[in-house]
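These are the structures, in structure tokens.
The two complexes that follow have chain A in common; it is paired with chain B in the first and with chain C in the second.
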Partner chain A sequence: MTINVTNADWNAVAPIIIVAITGLLVLLLDLLSPKNISRYAAILLGAAGMIVAGVVASLAYWSPAYVAFGGAFIQSGFGIVFQLIILIAGIGSLILVRPPVQNERIAGATALMLWGTCGAMLMAGAGNLMVVFLGLELLSLALYCLCGLADRPSSRESALKYLILSSTASGFMLYGMALLFGASGSVAFADLANPALASSALLWVGGGLFLVGIAFKLSLVPFHAWSPDVYEGAPLPVTAFMSVATKAGTLAVFARFMYAALPAGTADRLLLPIWIVAAISMIAGNVGMLAQHDLKRLIAYSGIAQVGYILTALAGGTHLGLRYAIYYLAAYTFMNLGAFAIATTMSGDREEGSHLANYRGYGRRNPVGAALMTFFLLAMAGLPPTAGFLGKILILSSSVGAGYAWLGVVLIIGTAISLYAYAKVVRAMYQRDEHVHAFEGHAPAPLAWASAAICFVVIIVMTFYPYTPSNVLPIVK
Partner chain B sequence: MIELLLILVPVVIGAAMQFGRDDENEKWSRWTGALVAAVMFFLALASRGTEWSFRWLSRPFTSAFHFGPTAISYWIVLLLAVCTFSAILAVNQPRRRRFIGQLLMLEGTMMGLFLARDLLAFALFWDAMLLPVFFTLLGWGGHSGTAWRYFLYNFAGGLTLLLATAAFGMLYGSTDVIGRTDVHLVGAWVPWIFIGFSFAFLVKTPVWPLHTWMPITYSDTPSPMVAVVSAVQSKAGLYGFIAIAMATMPDYVKTYAPWLIVLGIVSLLYGAFIALTQNDAKRIVAYSSLSHLGLIVVAIASFNPIALQGAVLYIIAHGLFSAAIFLTLGYVESREETRSLVRLGGLGASNPRLAGALCIAALAALGLPGLAGFVGEIVILTGVFQAGLVWPAILALIPIVLASAYMLRLFQGIMNGPEVPDLPVRADLNWIEGLALAPLVIALVVLGVNPHALTTFNPSAYNATTVSQGASK
Partner chain C sequence: MTHHVMGVDGSYPLLLVLWLLPLAGAILAWAFGPQLKTAAGWICSALVGISFICAVAMWGPGTQSVSGALGAHQALFSWLPGFDFGLLMDPLSLLWTLIITGVGFLIHLYSIGYMDGDRAFARFFAYMNFFVFAMLTLVLSDNFVGLLVGWGLVGLASYFLIGFWFFKPSAVAAARKAFVINVAGDVGIMFAIFMIVASVHSTAFGDAFAFAGSYNSGWLLAICVCLFIGAAAKSAQIPLHTWLPDAMEGPTPVSALIHAATMVTAGVYLVARCAPLWSQNHDAQMLVGTIGALTAIAGAILGCAQWDIKRILAYSTMSQIGYMIMGVGVGAYEGGVAHFFTHAFFKAQLFLGSGLIIHALNNEQDVRRMGGLMKKMPFAFIAMLTGVIAISGIPFLGAGFFSKDLVIQGALEHGHPYLYAVGIITAGITAYYMCRLLFVTFFGSYRGDVDPSELGIRHPELAGTPAHGADQAEAEHEGSGHGQAHHAPAWIMNVPVAILIVPTVLIGWLMFGGDNSPWAHFFAQQFPHPQLSPAPIGEGVTGLITFGAVLVGIAVAWWRYATASAQSRAVERLRGESIRMPGILTHAYYFDLALDLLFVRTSQLFGTIFGRFFDPQIIDGAVRESAFSAQWLGTLVRSFQTGLLRAYALLLVVGVAAFMIYYAVIAGGVHP
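So, the complex of A and B:
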């Protein structure tokens, strides 16, 4: 089969190309400038590139879907919305880059983050299994390096751990893809939706292995053990990026697989393990959160549960469910980025903002920062007036409407558990405690403060003006 | 628009008061807070019959930020405004500005709850109103465990409320139902929805055996805050039963009414007996609240229009006298630095005005004719008898007798007897403290003499009562 590549095809991937070229540009500038490129220059250039990419991507939102490169990449409302969320995650975490990422590494870090964003964006628009894998590996390779960026043993451990475990999961996924290829004779998602495949054993085994890979990337229980360790060792901005972009990209792949690429009638049975795993994740993630003393580990466990909430919205495969999943994913993005931004403002050379012990008495030392942190944590717990609250009610309604009320009940139980973990941090910040010797220093971090403020405003606006994108049904051809 | 002001002004001002440097000497915060609370009272007075609505969700069910007092919540909103005003004047906690800010945020969020005409807005404020109390317990409470227990219990209730609201919305297609009379939910899902709502309401009220968060919360929370919590926040569940459960799911309220009556009676008796044995003054009042609110649960579950009117009367009356008692006990505690009946005694000799204040509040609580508490009790009992529930009515009489015992024990233990030599002797009530109590006492007397205004709502607007009348004939 020959593929005629036209300008329209290149337009479809233009946002990705813009981001990739920005990464090259940052490296080039670093090479050309007499000293190392300054932190602000690298960050602002990277952010500007991503903003341009976001604008270019959103221009195509209302135009009809376009299948580029012979079905390898699909430009549609679905992919664009996910790409925008990924870009927001990229910008939001890039501007948090501060020490301990030294100046000589800043250009490389920025470029890697940009290319990681490219990988996740590619996953969001992938039309066949090969592109999914390409995007996934691009994202993962960037993350392996980024995790080891800080000059600490824990950071190197994190990188190694992520490399080994993630490769294993990629192996599962690749094997699943091979079997899916064997079943349909094609790598395209479109050819999987063939009703004749509904009884093919290869589809079931391949689909199962593929979903194992997905579950690993989403860090669902029982494939979650890597995420707290990797998150803990990685530098703060990288953790922020990983906690959102990886999940967003993988969720996009999962949603496309689930909504558009399965033969009719197989979804309920093939995906049942995913719903069960999501239910376990909602409980186990929130229970795991209770014992944490480190913000990054807390967010890792919280992420395990939050993905469970998002999958609850998807269960049943309704259009509204997908919209609410995207709404909640966006809310989750801003809550996480906001919390990481505050942690960054507290951090010096050793990432003090990540140790929950340092939040003791924070309410007195910095009332504004503590109030914002409280807001983000309570948003994750789903308390009003936040998008977390509204997102939960939307997810609950969609699960009730789609006949998955049991997942809604599990969500409620998980949320009740999670409150304790989130509120523990809040308590540490506000409780009167005269005998604390917490970390007192604050390096100036105007970008992080700006990011926290923006996240705050966006979450409030999302609560009272809950826009859920309507043009998002995934397509495969 | 008045509704929006009632909600946002206290919340915004209260939030703003949380920032800035602590200054122990500042005087302006109390007067600012009192001024805001007074303005809120007059706004609340003017809010009768007004409504404000703004579309929130159109999918998967319609929902709106729809606010406006109903015939019942109008009075609760007024009660809230009065109690907040009194509580702010009575604040003598350290870091006063922040404390008053928390009180104002509590007022604003509870305004939102009682003004809500939409279930989703109701659920939003149901959770939001927990936060000021939680932060107050963290900053000013005795034990951190109290804050947890309060928050986790009530948040669990809030979550079942949320799930029930989502199911309600999916079933009915809209959550904009509070205060409407034409909504009548039936179907296989409805019992579960009802149970979800009921769990939240029963935890909040609270009712035995879900009450275990309540005595420690009431005794640990600083008095001005607990005055508002016990006076108004504890009524959220009862209001929910009347305005949501009875109005939209009357059949299921009726099905489960025997259970509610049993829980109410147990709470009535249990609360009264435990109140007799406590030595912590605030715990006595906490358990007496458990007992009094159990009576209201029985009234609601009896499906009688008279009992329902009595329930509304008693909701307001209990709010007034429990706020007055808690504020007075706060004065006692700030003077004597203890609230244990074992230690206290003879305070009346040196503080006659304080003794007088506690006397009026305690008499209202034990149901002295002429004060508002009596009217509520007698109307409820009449209604319960009329509904044919003879035994519950008789059982409900026992705690009313016991109320005299524990309230007099409370009063005598603090005010009468010989002066305790090793307790400090401090000045009697000053005029600000008196001013704080004045609106509550005046309202108790006015409502005790002329309760008619509160009963002007039409009980048949709440479907359940008409259903029962139809059924009994």
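So, the complex of A and C:
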């Protein structure tokens, strides 16, 4: 089989190439400059590259879908929306890079983050299993290094844990892909959607192992145990990136698999375990939040539950459900990035902003920061008037319409539990506590403040002008 | 799905004006307070007054009925399908609007006198106008989300105003408590909205009610319960009532407007607004009716044990709202709403009257230190007397009689004889404690100069009565004048009270005449009217029985506090009563303690236990260290705390195994 590669094929992956080359440029500049490249130069160059990539990607949004490289990569509204979310996550986390990431590592950190973004973007547009795995490993390899970026034991521990557990899960996933290949004789998603395969045992077992990998990357219970530990040890911007980009890329793969690549009549039975673990995650994730003393662990558990909400929107496989899932994912992106931005403004070398104890009395030390943090936490909890509230309402309406009302009920219960956990943090910020000594001041973080402000505005705008993209049905050929 | 809208669509500029004017006032007073000084009070009052006039002018459109659509509907803006926003004025919201702006206007006027000299005079009026705007948002919204926004905003306004004298720690604590309980209620409503949207894909009242019959009954019950959690928190129903007595820390006009006449009746509005939902579910009706009746009698009993004049009124508010909730709960919507209507007048009257006394006595609120005020303050006496007559339900002499009778009789007609009995007994207790308030305050001789310990006031600073902790407040609040019963209230405070006397005495006649009364006509199309079998006891007889209970209450109060011998030994009597008061009453049935144990303590425990269960990391470090570390990957990772890596991997494999068993079973089934 020969594949004719045309210019249009290269255009389809142009955004990814731009991001990848930006990463190389940052390293090159670092090499050429007499000292190390300055932090602002690296960050701004990286962010600029991602913005250009975002513009290039969105130019193609309204053009008809294009299947590039013989089906390996698909350029369509679906992939582009996910790529944009991933780019936003990349930019939003990159500008949070500060100490404890030392200056001599800044170029490497920037480049790795850019290449991790490339990996996730590849996943969003992947048309066959090989590209999925390529993107996934590109993302994961970058993350292993990023997790260990800070010079402290917990960071190294985080990297090692992630490496071991994630490789295990990748192994399962790869085995699943091999079995799927065995079933269809092809790695392309397009060839999986063959009704004849419904009676193939290989499809069921392979699909199941593939979904295990997905569930691990989405950190659904019981495949979640890695995420609190890894999140806690990794530097703040890396945690921010992981909490959004990994999930966005994996959700894109899952949605494409579920919407376009399944033989007719298999979806209900094949995906049932995913809905069950999504339901468990909504409860367990929110319960797990209750006892946390670390913001990153809290967000890890919150993320476990939030992915459950997004899966609730997807359950049933309706077009509307997919649109609402994307809306919620976008809202989730901004509330997470906003919360991490505020945490960054509070942080110095020791990342004080990730310890919840340091939030006691924050409301009086910095009313604006506390108000923003409250807003982001309430958005995660889903209180009005935030996009989180609207997103949950939309998800509920679609899940009931699609016949998955039970997931909606679990969502409501999970939300009820989560309110308490988020409220605990908010309460701590506004508590009068004379015993807390304000920790030492540290360098101002204008970029983080800007990011928090932008996230706030975007969430407000999303609340009152809820645009849910319509051009997003995933295709495989 | 077709879109159902309540009310005749159209453009109603007056509706927009009356809604937005108070917001404009709030912004003005907030932004230009220092420049405006006392003018801020006049401007804000005038804006609420104009709102009231607009509301009156909206009477026609508000009560119109065109082919099934009742009232006026003004679309504001569209959001997603099913999430349109608009204003709806039908008889129910018209009634609330009239009270909010009308009584609100009088209380604003009164506040100009009451808050005179306060350092934050303009800020007070900014908050008050903001409250009026929020409350109008609540009652004029045509959908649940708008209602919830208003619901949250009135809670915020209430928080600001309870804690208005923020230099009093007790006021700050009370404000926070009120806010926390009310947010819990907001969350209840939020969940109800989730469930409604899940069922009908819309938040508009019209859509939610049009499909009321098609809900699954368990689902509908859940919706009603969630809505009622919100209603109970806002309307101080058991067990979410504990914030209301504490809320009396706010200035008296605030207590009159927010914590008596309007905001606390939002729960009544909510249940009445959602009448189509409640009417479909008998269990929900039973629950709400029972909670209402319980609150009515529990509040009344606590009213008998209080010495702080505002706390007596607070418990009476709780009790009277219990009546309203009972009325709307059992399905006697006209009755419940009628009691809201008359209560708004006579309770505002009672609060403003007590404000006259408190103001004149330099913030004294303990009735034991009053007495003999009838001659010194005849106007306040008349104000309180008419209020007491109205709230006690003395036939034909006050407004409360008519509306309370509608509620009590309604309970019987809708098949709740027990609630009927509770209603009658509560009426007797109400008459007792209100007459007790009247007699102790105005009869006998003045006791303000008696040593507090002789009156049984043991720990003035611990008694929880703001009066004694209010020295500082007073210093901030009043710049001039000291001594007892000294500065006569300015005319600006007397005029609103005098105006309120008229409806307090007379407005109940609107409800006279059964099905032919103006009241019944006004609401003829608003509420569902199921066919009921005639009640075993007629309305007239019910009135007589209630009156009998009321007479007993008055007689007991008279015998204990107003006879010549009781008055001559008033000091010893009050002392004896204070000392012998059962702890269960002085501590309000220990609800605060129970809530603390139930929620604060257990949730801490719950968090710890479940946190450990789901998050092995929290397990004690020593255990973790000894059990798992160091063996893994040898020297390479010895310096790391690899923690529970093996446990995590094990969990992962267990998950994979569970998945695989499932798929293997299915694969076995499909294999050809």
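The rule is short, and it goes like this: the second predicted complex is superposed on the first by the 474 of 477 C-alpha atoms of A that agree within 3 Å, B and C clash if a C-alpha of one lies under 4 Å from a C-alpha of the other, contacts with A are read in each partner's own complex, and residues count from 1 in each chain.
To be clear about the criterion, a residue touches a chain if its C-beta (ideal position, glycine included) is under 8 Å from a C-beta of that chain, and two chains touch if they have at least 3 such contacts.
Remember, predicted model here, so these are calculated numbers, not experimental data.
Asker: Do chain B and chain C fit side by side on chain A in the superposed arrangement, or is it a clash?
Answerer: Result for chain B and chain C: clash.
Asker: May I ask you to decide whether A:F216 touches chain B, chain C, both, or neither, giving the answer as first, second, both or neither?
Answerer: After superposition on chain A, A:F216 lies in contact with chain C alone.
Asker: First (chain B), second (chain C), both or neither: which does A:R269 touch?
Answerer: second
Asker: With the two complexes superposed on chain A, say which partner A:A371 touches: chain B (first), chain C (second), both, or neither.
Answerer: In the superposition, A:A371 touches chain B alone.
Asker: I want to verify the contact counts: of chain B and chain C, which reaches more residues of chain A?
Answerer: When the residues of chain A touched by each partner are counted, C comes out ahead.
Asker: Is A:V205 touching the first partner chain B, the second partner chain C, both, or neither of them?
Answerer: Second partner only.
Asker: Counting only touches as set out at the top, which of chain B and chain C does A:L396 meet: first, second, both, neither?
Answerer: Once the two structures are laid over each other on A, A:L396 reaches both partners.
Asker: Can A:Q431 be said to touch chain B (first), chain C (second), both, or neither?
Answerer: After superposing on A, A:Q431 lies in contact with chain B but is clear of chain C.
Asker: Would you check which partner chain A:A284 touches, where first means chain B only, second means chain C only, and both and neither mean what they say?
Answerer: So A:A284 only meets chain C here.
Asker: Counting only touches as set out at the top, which of chain B and chain C does A:A341 meet: first, second, both, neither?
Answerer: Neither partner.
Asker: I'd like to know which partner A:T168 touches here: chain B for first, chain C for second, both or neither.
Answerer: A:T168: touches chain C, not chain B.
Asker: Going by the contact definition given at the top, which residues of chain A touch chain B in one complex and chain C in the other?
Answerer: Shared contact residues on chain A: 383-385, 389, 392-394, 396-397, 400-401, 405, 408, 412, 415-416, 419-420, 464, 466.
Asker: Residue numbers of chain C touching chain A in their complex, please.
Answerer: Residue positions touching the partner: 79-80, 82, 145, 148-149, 152, 187, 190-191, 193-195, 197-199, 201, 203, 603, 606-608, 610-612, 614-618, 637, 639-645, 647-649, 651-652, 654-656, 658-660, 662-664, 666-668, 670-672.
Asker: Using the touch rule from the top, collect the residues of chain A that touch chain B in their complex.
Answerer: Touch residues, chain A against chain B: 320, 367-368, 371, 378, 383-385, 389, 392-394, 396-398, 400-401, 405, 408-409, 412, 415-416, 419-420, 423, 426-427, 430-432, 464, 466, 468.
Asker: Report the residues of chain A in contact with chain C in the complex, numbered from low to high.
Answerer: Touching chain C: residues 153-154, 156-157, 160-161, 164-165, 168-169, 172, 198-205, 207-209, 211-212, 215-216, 222-223, 225-226, 228-229, 269-270, 272-273, 277, 284, 287-288, 290-292, 297, 301, 383-385, 389, 392-394, 396-397, 399-401, 405, 408, 412, 415-416, 419-420, 464, 466 of chain A.
Asker: Quick one: which bits of chain B touch chain A in the complex? Just the residue numbers, please.
Answerer: 18-20, 56-57, 59-61, 65, 120, 123-125, 127-128, 131, 134-135, 138-139, 144, 147-148, 151-152, 155-156, 159-160, 162-163, 165-167, 169-170
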